[in-house]
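Attaching a single structure in structure tokens format; questions to follow.
Letters A, B and C mark the chains as written, and numbering starts fresh at 1 in each.
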Amino acid sequence: MNTIPKKSFVQKWHVKAIIWTVIILALFIASCVMTGVDVGAFLTGFNQFMQIFYEMLKPDWSYVPFTIQPIIQTIQMALIGTLIGSIVAVPFSVLAARNIVTNTLVRGVIRFILNLVRTLPDLMLAAIFVAVVGIGPMAGVLTLAIFSFGMISKLFYEAIETIDMGPIEALTAAGATKTQVVWFAVLPQVYNHFLSYFLYTFEINVRASTILGYLGAGGIGELLQRSLGQFRYDRTAIVVIGTFIVVVVVDTLSNQLRERLQ
Amino acid sequence: MTIKKTFWQKYEAWIWAAVFVLIYIWAFSGIPVTGIQAVAGEVTKSILNGLFHPDFSYVYTGDGEDLVSLLLQTLAIAFAGTLASAIFSIPFAFWAARTKKGGLHVTSSTGKLFLTIVRTFPEIVMAIMFIKAVGPGPFAGVLAVSFHSIGMLGKLFAEAVEEIDRRPAEAIIAAGGTQFDVLVHATIPAVIPEFISLTLYRFEIAVRSASILGLVGAGGIGAPLIFAIGTRWWPRVAIILLGIIVMVTVIDFLSGYLRKKLV
Amino acid sequence: MQEGTPIIEFKDVNKVYPNGTVGLDNINLTINQGEFVVIVGLSGAGKSTLLRAANRLHDVSSGEILIDGQSIVTAKGKQLREVRRNIAMIFQNFNLVKRSTVEKNILNGRVGYYPTWKTIFGLFSAADKQQAAANLQRVNLGEKLYSRADELSGGQQQRVAIARALMQEPKIMLADEPIASLDPRTTMMVMDDLKKLNEELGITVIVNLHSVSLAKQYASRVVGLRAGKLVYDKQIADVQDGDFDEIYDGKDQEVKGA
């Protein structure tokens, strides 16, 4: 008769899976306690929630004309923020790329800065910039510039790290300077990636910029804040629908362009 | 021999550049640069000054309103919200996933549309609606995070389901198994690691959003931050920013480590 | 400069890689103006390392390399770039910027002659642009000037790479396995191109090859490497058919001897 190999104790009783499940459950319960999760309150308050929802189902269409200008401003903010962020990102991403900068210290410092920037949520940056430059789209532009800088630098340097090193060798052998090597051998190879990531970041920025106005940083978000403050949920609905349309249109356009870049 | 460039070869780059420049002229025309306050320099100076002298006394006071307690609360909001959302996302994912070839995908398309709407619905608005329902506090934050996350997790999960290897499923059907057998023995084992990895990724994002939901009263570190900014209390702003940076960095690192181990 | 003057001199050159592999083992080699040298040897024998030491794409561990009497081992910055300018190189994988046009790729060979800012604004002189077109015609690809590099076949790309190398107006042309990725017919074209440069422009050519028959067909001098050592060096007239067994099978003999 064949003998079946014995499972170890750990394998037989799925010890690892059980430990993980217990840890996650414990954390979940602790989190629920700490945040005062109360399913009863949710169920009793749910009609309140639905109340707002019903009001939103009857949008105040006469509000549409008032949303056009802020929506345009939202797109303009996103465009400028993405442009500034990307331009600043180019030198940083070159310096952060492993195959271009062999000095670990320089690369480490640059990457540390980029990681720091990426930890900051967009609305928090908006709150700070509103305090610095005052209420208005300027604060939004600065927020989006910093926010997209952090994101796009990482995408850029990861793109640079995947390039073919051959042309770099060829340019070096022809007596090119470091700058010339980057300009003639690196950038042409990543150019299309850069454009594609630029568009992608623009999409993200459009989404982000629709709420920045909630804190006074310009764009459609200001109407969000106003209508919610006045309990005019029928108008909030218009703002949400407007946001939705803008996001879908921008995503579609940008996707089309990005596919052409492939 | 001289070679002429075609019209397109010669001008393509210029045409695109012109389009780009025109778009940006339009964009800049809409942003009043006069918006910079005269006091901007002053404010920046005091912010920097505050950033170099963080209010360390706020780190821990023991009254539950200090930095450490509120950061923990922020993490709790993100954790409870993400985990609940991960579980609720599973049925949505199977609704939105396109698993059969050809034909119309009415089910999948409506599912995807629904998830897109949820994803685009501003999290802040959702938080305010939940505040109306359960009152201000971290619970509203948990609800906002978990409902909003369904939009993204549902989509990512659905893509994971679409991309799994179909051959084990075929093998089970060929061996006389039912659709249920396929689900239990082929689909679930294939997607579970993927789902966990995506959930961890979403958790990283949720930590960031939980730290700003307090701006509208949905708990966490956001409320004291906006209060400190409003009252120009820069040393306090500085310590909160430092706290958030450390928290997010640690969570990103841990989550990244776990996700690497899963692959 | 007349034929017979030394143009590259390797003196006691050693190269040990950081992981301990010996790349070059005490190489002494003098190459004269106008020679067509083919370096043969097994993969890993150090052929590529030797070529890349000559223009210092690789640093050597010890020894001295003189290019036209000038040390490249100690050269720095601008001086190093000026030495490199006189040494063109073509590669097994062509190393073209695939997304750029043929014209841009060829002009890339000229950047060493310009200050950085001028090249960045694309301010190449009309004469250099003319030269780029002329060099492309020299390799019979004149009509491809404005095509993108990735639209060309492998053989065409290698010839563009030769045109790029010519932009440097080099005294020396290094070719690292230039035909390893090509089919037999294009192989002949590329080798013919190199031979033409050698004979018509008097450029010293150094080529790494696997193929013994090609070496005999084109070389004026054959050099053999084995495990980083120089084991063979003869003018083409003195080369015997049996010689190459020594280079390629030498390893076995060593094993037997040990």
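The rule is simple: contacts are C-beta pairs under 8 Å (C-beta built on N, C-alpha and C of every residue); 3 or more make two chains touch, one makes a residue touch a chain.
Keep in mind that what you see is a predicted model, and the values were worked out from it rather than measured.
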Innermost chain, taking as reference the mean of every protein Cα atom displayed: A
Maximum centroid distance from subunit C, chain identifier (CA atoms): B
Subunit A and subunit C, separation of their C-alpha mean positions in angstrom: 48
CA centroid of subunit A to CA centroid of subunit B, Å: 7
Centre distance in Å when subunit B and subunit C are each reduced to the mean of their C-alpha atoms: 52
Residues on subunit A engaged by subunit B in the complex (per definition of touch): 24, 27-28, 30-32, 34-38, 41-42, 45-46, 48-49, 51-53, 72-73, 75-77, 79-80, 83, 115-116, 119-121, 123-124, 127-128, 131-134, 136-139, 141, 207, 210-211, 214-215, 218, 224, 228, 236, 240, 243-244, 247-248
Complex interface listing, subunit A residues touching subunit C: 164, 166-167, 169-177, 179-180, 183-185, 188-189, 191-192
Residues of subunit B defined as touching subunit A within the complex: 23-24, 26-33, 35-37, 40, 43-44, 47, 72-73, 75-77, 79-80, 83, 116-117, 120-125, 128-130, 132-135, 137-139, 141-143, 208-209, 211-212, 215-216, 219, 222, 225-226, 229, 232, 237, 241, 244-245, 248-249, 252
Residues of subunit C defined as touching subunit A within the complex: 55, 57, 80-85, 87-89, 91, 93-100, 104, 108-112, 116, 119-120, 161, 164-165, 167-168, 174
